[in-house]
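Below are structures written as structure tokens.
What follows is chain A paired twice: with chain B in the first complex and chain C in the second.
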Partner chain A sequence: MAKTVHVTVDGRTIEAAEGAPLLQAMLDAGIHIPHYCYHPKLTIDGSCRFCQVRIEGIPKLQISCNTPVRDGMVVKTDDPEVHTVRRGVIELLLLNHPLDCPICDKAGECWLQNYSMEFGAREGRTIDPRRKRGKRLDIGERMLLDQERCILCRRCVRFCNEITKTGELHIFTLGDHSKLDIYDDARLDNPYSMNTADICPVGALETKDFHHKIRVWFLEETASVCPSCANGCNIMISAYRNRIWRLVPRRNDEVNDTWMCDAGRLNYRFVADPERLRAPLVDGAPATWNEALDRAAGALGDFRKRQGGSALGAIVSPHLTNEENFRFGELIHALGVQQVAMAVKRGPADDFLIKAEKAANARGVRELRIVQGDDDGIEALLGAIESGMVKGLYLCGDDLLETVPADRLERILAQLELLIVQTLRPNPRFARAAVIFPTTTFAEKDGTFTNHAGRVQRIRKALETPAGWLNDGEIFTALLNAIDARGASFALDRVWGEMARDGNVFSALDFNEIGPRGMQLAAAGK
Partner chain B sequence: MAARVVKVARPQPMTRRWTPLLVGLGVAIAHFFRNLLGFARGRQDFTVYFPEQRFVQPPAMRGMPVLVQMPNGKERCVACGLCEFACPTNCITIFPAETASEVERYPEVFDIDMSRCMFCGLCEEACPEEAIVMSRQVEIACYSRRGSLWHKQDLLVPEAELKPRLDYLRPQYARK
Partner chain C sequence: MLLSSATHDRIRAEIAHYPNPRGALLFALHQARDELGRLGRDAYAEVGAIFGMRAGEVAEVASFYSLFTQPSAKAVIQVCTNLPCCLRGARGLVELLEHQIGAKAGASSPDGRFAISEVECLGSCGTAPVVQVNRNPYLENVTPDLIAELTASPEAAIAARHPAPIISIIPDGVDGYLLPPNGAKWLTLDDYRNHGGYQAVVKAGQMTPKDIANLVKDAGLRGRGGAGFVTGLKWTFMPPKDDRPRYLAVNADESEPGTFKDRQIMERNPHLMLEGIMIASMAIEANAAFIYIRGEYVDAYQILRNAIGEAYRAGILGDNALGFGRRFDIHIQPGAGAYICGEESGMLESMEGRKGQPRKRPPFPAQKGLWGQPTTVDNAETVSHVPSIIMRGADWFKAEGAEKAAGHTLFGISGHVQRPGVYELKLGVKLRDLIFQYAGGLADGRTVKAVIPGGVSMPVLRGDQIDIAMDHESVRKVNTLLGTAGVIVMDDRTCMVRAALVIARFFEHESCGQCTQCREGTGWLYRVLTRIERGDGRMEDLATIVDTASYLEGKCICALSDAAAWAASNFLRQFRPEFEAHIEQHRCPLPESFSI
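Showing the complex of A and B:
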């Protein structure tokens, strides 16, 4: 740990770690210092000259981003010269800036707009025409570049050099001719390319996905967690009119710093998939929730009486929350199920954020000790169905469709006497299911996911579900109540209370204390 | 959405309290005597016989908001969404889309719910493109609620027809 030092800013004493950038120390203390090029996760560039402050004992103004704090430093930000510099920086940046705000996707969250309103002059003094540059340049699979809007802060360049180490972007030529571009033989296609649009303080780098979609001031943001892989990157869900318009990363230094991968960012359309099940199906026909619950409870009870609970198998979904899976564990325990497994889709991984398991909560299922074995019990369960020991299956999620070869799956499903499914989309393979319940996506419910490293993180409801809709946990609870006459409820704190009594690793945590950064499970467990 | 209060600097005569009051009173009194005199002389028409008769409203009049149609048939609007945000009754719905032309953005959907519009003109004031203006049209009653939802095609009015209003507006936004 670095030594703590004291710095005086405009008469106020703030604390900082010795050697930290003065700018960061002031920002951490809640002092508003305008800046463009400084980013806490990138090296210091000092190119925008916007963060200048007066430091006692130094004749000229200093850029605070590149000034390490020293004990006893006396800083002045409310200084006539500082104000002049800020106005000057804004004026220079606006000399050639196009008047694009009405059609610029960044408008509303643009640092140039905000700082011009705050520090800029109201009127321009130039009479020269604005410099022309490339607009709407297709620089990558998912990215667009507008060189006129670029303020040459080099954040994106540093991102590609330091974080992804792919180096596609560069500022070419010098002085007034400087312009940002890709190298001739490179396109901005790295798996993290869309982060450049987040860190670009202006609308120069834009994602094609969000291009001309919706004004940012209409978006309602909900802090959540990316559901697309085991890393569990922290995100904001931006919704408007009950629809997701984009996902953006949220800072969590323990998990994803300030980044997320492009694949995760773009994986939200399934929430609004027109093919999604909007009502339960009973024997293939749409039914009300009560009919479906009655039928499922009846069929499960009946099956248990005839064949015994051990003839029933279950597949847990790694996409459901810890709470839902805990409740599912109780349900299958009450039914006497012996064979439980989990199917997890796998895909490419790297040594940065992207993890091979393409589901958010596989670790949570394992920590709840619902499944056992290296393959999470999948082979054992499938074998038991093939050998006829297991004749009924409660299937959560449809990952099985992609992890088991189609012909084998076909045979297995055909062998079952009872099939109950909880899934996003109807699928011809589930034609024989007695009941199909629609599943609820990460954006439509509250709960927690456990990421690959055992960090328990909150997801929050961003979208409303139709009236009468039950999420997966509520379905499990209703079935449990019907089968076991328990009177349980799916209020999250109640579920956590039960989880604590159950004595699993989650009992060491307090649900209400899981903050925006999540909480680490104890090192014990798997 | 958090509400914001913006202080608008009004032109001088409005801030001097008594002048407009006296002017208004003067107009009312003048009309009173003119009508009294007319009545004494046997005049019959004290009002305009609508709809057979109409009078041409001054350009300052705020009827329903319409979209300016450029000579090439396209809307001038770039779907920036400022009118949508400025509208106090939330009656404008815009969904932008992209075109290949140089002005790359246009409204794919531009709906105004006229049953909620209160003709306040804030949309016109917010628009950076002179793309939405208050027309003289006020005869917009209809028999169904659906009929009061005006879509982009219904809202487009050729620029030439809106000239009086545009000419009236421009000097107000001129820079000092």
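Showing the complex of A and C:
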């Protein structure tokens, strides 16, 4: 750990880590210093020249990004030369900027707009023609480039060189002819390409997905966690009119720095999928929530009575929250279920963010000790169904459909006498299900996920569900109350209270203290 | 494979000289372009494969350098249109060429034989106007007749004028030590040894590194590359010797318009420079020295390469280098037509096979220089003073110059003088004497209107300010700097707006593009000055020039932004009524001025 030292900025003393970039120290202390090229997760470039400050004892202004903090440093930002820098950078950048803000996706969160308002002149004085460059260039599967808007801060170039190490972006030629571009057929298609749009301070790099979709100032942001793999990248859900318009990464140095993969970013359409189940189905027909709960509770109770709990199996979903799965664990325990498994869809992984398990909370299920075994109990459960020992199944989630070969799955489902399902979409395979409950997505509820490394992180409700809708945890709770007359509630702090008493690893954490960066489970390992 | 196996062999052999193969990237691109006539995707891919680089990476580097981006033709005729050449009629040559080959500048002739390219300073201002065809030796003092010859047969025209005329002189009464006697060239090792060469390195070999540095510091040698920093002092900035290799990087990227002196040493006295490099390397305990020479200087490059080869064969360089008692190497790297590579850290980037964009400091080269190792950067002329200092001592050197500006320097003088050229003179010579006594004054009836004392980066003087001594301290009294001591003289017919515009165009063309203010500001200054010169200026544009200069000055990574700011703001300050006249009359009030 670097030593904490003191720096004076315009008469105010701030604390900072010795050797840290002065710019970062000032930003951390809430001192607003304009900058473009500096990015905390990229090497220092020092070329935008915007963050210059006066430092006592040094005759020339210094770029604060490349100035390491030293104890006793006296910094001045309210200085005529510093004002000249700020006015100059803005006036010069605007000389050739196309000013096409009405059709720019970045408008409203553009650093050129914001700084122009703050430091720029109120009228332009150039009458010379603006530079013409490529617009809306298709530079990748998911990315567009506008060279006229580019301010050549090289953040995206450094991202591709330093983070993905794929190096697709180049700045060609020199001087004011400099031009950001890809070369030939080496397109910007790396699995993290869309991060370049986030770090672009202007609208030079835009994602096709968000292109001309909506003005950003309409968006409401909700801090959450990406549901698409076990990494649990921190995100903001941007919603408007109860619909998600984009996911963007949110900084968490313990998990994803400031990045996320393109696949995760684009995986939000299922939330608004028109095929989604909008009401429970009882014996294949739409039913009210109460009808469905009654039928499910009745069927489960009867089945237990007739066959015994050990003839009932359960599949836990790695997409549900820790709280929901805790409650599901209680439910199946009350039902006497012994064969419990978890199906997790797997896919490609890399050594950066993308994990093989394509679900956000498999680790949470394991930490709750609901499932056991290297395959999370799947083979044992399927074998028990195939052997006729298990004749009923409470199935949460769709991952089973993609982890078990279709013909085997069909045989297994055909053998079941009772099938209760919680799923996203109706599926002909579930035709024989007694009850199908619609499941609730990550964006529609509160709770926590435990990522692959054992970090417990909050997800938050960004979208409203229809009146009367029950999320998965509420379904489990209602069934538990019906079967076991518990009078349980699914209020999260209550659930956490119960989780703590249960003595699992979560008992060491306090739900209300899980901040925006999450909390690490004390006991590592499964 | 596009490239011949011989080319591949040459590239591989060159790679062996560098701690990192990429040191040979620019060399390889020259080889590829020389062989193929143009560079494109396949060439970049093939060169990239040699260096473990993707085609796009190579293309990005190449796109930075004008020699790799010239139009494609059998003979690319590059006409220097920077100020000294423009002052002596370069524009007329371009028009003549356009007429003769039937293509505009920047394009190729319909038959593909010729292309015309207007290029920035070729570093031969004393023989302006200058033309270079492909990477052949220059055609100097080019006349319309020569253009006719050239378009008839480029090969014959070039061969007939090679080698170039000697334009450097030791005037009577000067005890020259940089240049060989007038008219002579000491190209071979024997030439040099017969005149006392390589004795200083032996003598320095008896001294400690510290003593060498102190002697050169005491002598008061100041860098001749433009900044005038005390050389011996710079050497002491190197960290204490440890396990890491250390380098001397020699800046022979002479490209400051008005400056054409280093070439005279390299083409007439190459071993002097090598000996100076060796002694400087002893002082900083360098393992090797790398000379970065501008890519257009093909003769000087070959002469130095030959001299280095001779030195290796004679055992002066290599395993038991003369005076070192250990291994010491010198290699030479070609640049490729980018002015900014003359800036020391831009040069280091280019030497490492990248775009020549200056590095932010810290770290400084002495801490982290070439290939990340402790490095000292010295100008080619600067090191050439060192052998004489070793042999003749600090007091002698101090007596050969002005106070606080010891020794001789090679003054280059160009523009509207009768005898442009390079003069070896003591620092402190009067500017008036330089113009009128040595350079023969102006044409009959003409008077001095403006003088740039040290390359176009330095603030311009009016004709009534030439009674100053040409040394670092004296020129400060008239608010300018000695720079490279390349003096450009403009007579009373010369349009100052036009002169400022040519310089602004140069900086716009040569800004590396990384710092916001320099990239955008040099372009704006150029566009505003273009409008004023054309007669479309507004009075408020003059305030824009002053403001833009304030945005640039002192705000960027390197001094190019300062130079661009000073040039524009000082021409305006010194000659404001002429700018106003352009705006009021909507035209140039000086009908006889040079054209651009």
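Worth pointing out:
In this text, the second predicted complex is superposed on the first by the 523 of 526 C-alpha atoms of A that agree within 3 Å, B and C clash if a C-alpha of one lies under 4 Å from a C-alpha of the other, contacts with A are read in each partner's own complex, and residues count from 1 in each chain.
Note that in this section contacts are C-beta pairs under 8 Å (C-beta built on N, C-alpha and C of every residue); 3 or more make two chains touch, one makes a residue touch a chain.
Here the structure is a predicted model, which is why all the values come from computation and not from measurement.
Legend: residue contacts after superposition of the two complexes on their common chain; A:Q52 is shown touching chain C, with no touch to chain B. Of the two partner chains, neither chain B nor chain C is touched by A:K132.
Using the contact criterion defined above for the overlaid structures, shared-chain residue A:R278 touches neither chain B nor chain C, since it reaches no partner. Shared-chain residue A:L174: touches chain C; no touch with chain B. By the touch criterion defined above, A:L152 reaches chain C but does not reach chain B. After overlaying the two complexes on the shared chain, residue contacts for A:R306 are found with neither chain B nor chain C. In the superposed model, A:P102 lies in contact with chain B only, and not with chain C. Touch criterion not met for A:R408: it reaches neither chain B nor chain C. Set against each other, chain B and chain C differ in how many residues of chain A they touch, and the higher count belongs to C. Residue ranges on chain C touching chain A, taken from their complex, read 41, 54-57, 59-60, 63-64, 69, 338, 340, 355, 360, 362, 508-517, 519-524, 527-528, 531, 540, 544, 547-548, 550-552, 554-557. Across the complex, chain C is touched by residues 36, 44, 46-50, 52, 60-61, 63, 66, 81, 84-85, 87-89, 91-93, 95-96, 125-126, 128, 151-152, 154, 167-168, 170-178, 182-184, 186 of chain A. Every residue of chain B that touches chain A in the complex is listed here, in rising order: 1, 78-82, 84-85, 95-98, 103-105, 128-129, 175. Against chain B, in their complex, chain A makes its touches with residues 101-103, 107, 123, 136, 211-215, 217-218.
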